[in-house]
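If you scroll down you'll find the structure; I have some questions about it.
We call the chains A, B, C and D, going by the order they appear; numbering starts again at 1 in every chain.
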Amino acid sequence: MYSFLNDYSEGAHPRVLAMMNEYNLEQNRGYGQDIHCERAKEYIKNLIHRDDVDIHFIPGGTQANMISISAFLRPHQCVISADTGHIYVHETGAIEATGHKVFPVASEDGKLKAKDVINVLDLHGNDEHMVQPKMVYISNSTELGTIYTKDELESLYNVCKENGLILFLDGARLGSALMSSKNDLSMEDLPNLCDAFYIGGTKNGALLGEALVIVKEELKEDFRYLIKQKGAMLAKGFIMGIQFEALFKDKLYFELAKHANQMSKKIADVLEVEGYELLQEACSNQLFLKLSNRILKEMDKEFLYVVNGKVDEEYTSIRLVTSWATTEESVNALVNFFKRAKSLL
Amino acid sequence: MYSFLNDYSEGAHPRVLAMMNEYNLEQNRGYGQDIHCERAKEYIKNLIHRDDVDIHFIPGGTQANMISISAFLRPHQCVISADTGHIYVHETGAIEATGHKVFPVASEDGKLKAKDVINVLDLHGNDEHMVQPKMVYISNSTELGTIYTKDELESLYNVCKENGLILFLDGARLGSALMSSKNDLSMEDLPNLCDAFYIGGTKNGALLGEALVIVKEELKEDFRYLIKQKGAMLAKGFIMGIQFEALFKDKLYFELAKHANQMSKKIADVLEVEGYELLQEACSNQLFLKLSNRILKEMDKEFLYVVNGKVDEEYTSIRLVTSWATTEESVNALVNFFKRAKSLL
Amino acid sequence: MYSFLNDYSEGAHPRVLAMMNEYNLEQNRGYGQDIHCERAKEYIKNLIHRDDVDIHFIPGGTQANMISISAFLRPHQCVISADTGHIYVHETGAIEATGHKVFPVASEDGKLKAKDVINVLDLHGNDEHMVQPKMVYISNSTELGTIYTKDELESLYNVCKENGLILFLDGARLGSALMSSKNDLSMEDLPNLCDAFYIGGTKNGALLGEALVIVKEELKEDFRYLIKQKGAMLAKGFIMGIQFEALFKDKLYFELAKHANQMSKKIADVLEVEGYELLQEACSNQLFLKLSNRILKEMDKEFLYVVNGKVDEEYTSIRLVTSWATTEESVNALVNFFKRAKSLL
Amino acid sequence: MYSFLNDYSEGAHPRVLAMMNEYNLEQNRGYGQDIHCERAKEYIKNLIHRDDVDIHFIPGGTQANMISISAFLRPHQCVISADTGHIYVHETGAIEATGHKVFPVASEDGKLKAKDVINVLDLHGNDEHMVQPKMVYISNSTELGTIYTKDELESLYNVCKENGLILFLDGARLGSALMSSKNDLSMEDLPNLCDAFYIGGTKNGALLGEALVIVKEELKEDFRYLIKQKGAMLAKGFIMGIQFEALFKDKLYFELAKHANQMSKKIADVLEVEGYELLQEACSNQLFLKLSNRILKEMDKEFLYVVNGKVDEEYTSIRLVTSWATTEESVNALVNFFKRAKSLL
């Protein structure tokens, strides 16, 4: 079977694993205070052209979200999210478990717009009987595979700054967003366009690890206490340092994301040519499409994918994901299938 | 000025206050373990024809909601609410502050339907990446002044029971619901149609206090610990006991609610006759209507009310509330105003 | 039976209740934004000679503690308390339920000393694997009936200021502390010697209510949101305003506390003369003493009190409490009993 | 420098890493639902002779503690711990952050005794103004390097069962405890002597991972929801499965712990012979000793260790830790140092 289930089915990229092997018996300080974490932070700081940020390596995305949000907000404050946002839908209430409401905004494409934020602020006013919106959560690429343009991000950040809101960017799939052919954002833009963001390792070549970058000065204080309190301070934190060192030493991170996107684009191009219906614009390593159940029945014989939901009696919405580990061979097999299956559309 | 702002502008009904005066220097046990609380509980048990329920007096509605919900749920479970629900909108995130998501369902009339609950269950399935729906929160009368019919409540409770969900009824304005001319529910129906509910005192003649009735056996254990932990166990708990004794000794509670509804009905009848637009069915002591800004400008000279929001450039949505303390005189003044103002519609 | 159980067995002092009667049918704004709350705040501000503080009326002491502590601390910070402190022992984990550790310090007399705080700071250092001490909680009078001298409070506050800690004073029994014959603190000292404190009404003549005074500027922001979120914003907040108006309009508050102390002193004097063993210095309206079980057997026939614990096979530790409502008659009865019972010592 | 700082300075044991390399490009299901997790669970079930337990792999010890405790308790319940316990001292308030008090009991040797638990129960009674003790937390080996005998554990568990308490065993260093020459507990005893426990991987050869074993039926329900909510469900959960597979396939886990203990014993034997003062019995891979500052000054030239605290002006308490990675060479160097340094005692 060829798998298009997700971007975390394999272990680490071989070059990442090679570095873990290389340093395996070296003695390192615990809790992320080692030389590899330091080096990885330097690589990232150079990439974003900012030396004044704090960087922390966090094992997973849900942890990065819940630690940041609970660290940055006071108890009566909420975070605004698209109703497709990972924190609203797929973290088993992790944010609420830290005491904060996630205020959802309906979104067709997985993105929040500046206007959405203004509407939420208008709705809440300064009414002390309601939660106080204080943070905006976005993901790039989004849970629907779409990406933010520089313009969109600027508008959003301007609204946040004008209203004293914190803008937080979940970059679990940041590599894929930045390597999109439709992207006009660069790594060095990010610290100028949000208050904190993270660079996802788990879904782009690492075994685990997200590099959280805190830009805004007021958000930095005592952050390591919060990492520890939420159980995210690995004793062997250096295993995240080594992996990010491998990923950013020579831009492996971007190569991997680029490959994933190319594999996805190859599929998307055929889908478009052949007349299949994409439910979201094809930008990154996730494709959402509507397929007839007859096609899916055939597809199930060779391919793995995620079913998102029933569209109607005859059609189903599915997700296909590519990764650094997706082979040309599997993409060719899928592409050929879609060509053949066209007749069943 | 005549006030139609809310149903908690005055102190206690004179007969309630009289009883507080009567027992003022009597010595009572603390923390709600006194003879007045006992008597009040007996009156209520008789009314609902159930001796096997636990009753607790809680100072306020937000407390009754947050204590019950956090006592009844495990950490990964959420409560379903209409998106107009008090817990979703007007408790400054009190429920989330106890760690639980409030899952909102869009509602035009403030009510949840059986079908809504099924949809939420279908959406969540048994996906451990999502919160687990375990409780349904409704209010009667609702935040929009509407009420549940016996049929509606039965359908809802059936769905809950079939799916292992707890049904919780916020009765901050239960008196007004039960005394509605459109109501077909009785006090004794309630313990058969939900797992826990409360009988609101604050908005119907008491200085403070809600009588929480826990019907379902599994929800009763150690509940007083939770009351204490959330700061709701008054040292002088007997002041709530005395007030509920006064309210239920001879059905004063229902008289007061009936009066509030009659005052409201008088207004609603005129509004309908004169062609004003009611935004919700007029059932209880709250009326929601759409008025032109020209009318409101006149109305502001004599009357107090709550603005709910702008409908468009010319129209505004407002709320009028009556209570046990609303006088015929003030209602006549308002009714006359509406008659006069018709020309400005 | 004569009761020395506690200081909250009766309703309100008659002059307090009279004012509640007087204003009962007056219409007031909800949620503590009424004229009575305003007036009561003015009286208090005048008393403490400070116009720049924020004052909030909170229904109970546990609420005042949990709202303040959770509002003032970030998630990784803890509050230091004597191991006899109300928040450590008698609030069913209310503080921990808001996410914060209460760090206990062993105390013989219920008081925290400057040196205790330094020890806790030394123990924690800046170790991010431990909670960060950020607040000191004291009560005056304490849970053991003792009181702080001005010197002691100054030393404690100096240590707090030097180390960036917040000093919070639980004044559930502040009246009794300030009216103690051994007291050298005044109301106007308080805002200069701590960052926030409250003036307890429940145990000194009110039905319910504590007046929380926030002195430190940084602690004031958005405090009403927190009151609401924790369920402590009474719809009819004016009932607390009226009561504090009554208590502070003409110093009734201090008269009541003085009476309670006098009743207690009368008992303590006899106990000392007759050779009974007091377990704590007699300062305020609470007395802790060690009595033989033979004496208690006799005492049980006429008097109610709280047993604190077994000292050994023959002796028991008990608490006696007086209040504004304690009569000379009951004190005389008790004093006579102790004189008679001396032979059973 | 020779390091005796901790047991997590190196990466994984080479045989563990070899297996990670072997399976690196294999495609696996996410979130711990893969074949390696299954196999590792089977190995563990065979070892403990129990097929009816639930096993979950959790990245770290703080997470295992906080997820279990918050999953097993209701909001008003507390967990009892030695005052040296990891959850009380070194988790930055992680347990309190989930809402639960950790009730500390003074302990000289890091262990809790049956009598301690009874005392805590007596102290709390059924007083709803206090937290309700419901769980006992112990660690084996303890934070002071001591271990529980079978007798001690049986007594503790009996008290727990008689009083409806849950017994939870933190086994971050379980390997070292079970391989101690003074140990009389076996893996198969564990499920009979506690309700849940974990087998620590991080400190015994793995990069990360603790295998949590839930024995008691009532504690199993929906546990994966809690893992997800607290951010501990790794997308690539199979990396823990592979490591535990490597550790338990052929008892590597016990070999590694045995080595660590042997290295420690070699040091302890010399310390005893030469007359050094051990502060705790030498049982496992941690040694606590008192050294003069003159000796430490010399020791600092060659060896790394953790300072626990000042004993007095002349003496300091330190901790030495050995691990699977500790070499004979480094132990010989340390032993020789202690022989030489004797003159400075």
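The definition used in the following text is that contacts are C-beta pairs under 8 Å (C-beta built on N, C-alpha and C of every residue); 3 or more make two chains touch, one makes a residue touch a chain.
Here the structure is a predicted model, which means the values were calculated and not measured.
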Classification of the subunit A:subunit D interface as same or different, half of numbers criterion: same
Subunit A on subunit B, rotation in degrees - Cα superposition, rounded to nearest 5: 180
Mean-CA-position distance for subunit D and subunit C (Å): 42
Length of the line joining the C-alpha centres of subunit A and subunit D, rounded to whole Å: 34
Rounded Å distance, subunit A centre to subunit C centre (Cα mean): 51
In subunit A, residues with contacts to at least two other chains: 75-76, 91-93, 97-99, 128-129, 225-226, 228-229, 233
Of all residues in subunit A, those that touch subunit B in their complex: 75-76, 78, 89-93, 96-102, 104, 128-131
For the subunit D and subunit B complex, residues of the former touching the latter: 70-71, 74-76, 98-99, 128-129, 132, 222, 224-226, 228-229
Residue numbers on subunit B that touch subunit C, as the complex places them: 3, 5-6, 8-12, 14, 17, 20-21, 23-30, 59-63, 66-67, 91-94, 97, 202-203, 207-208, 225-226, 228-236, 238-239, 325
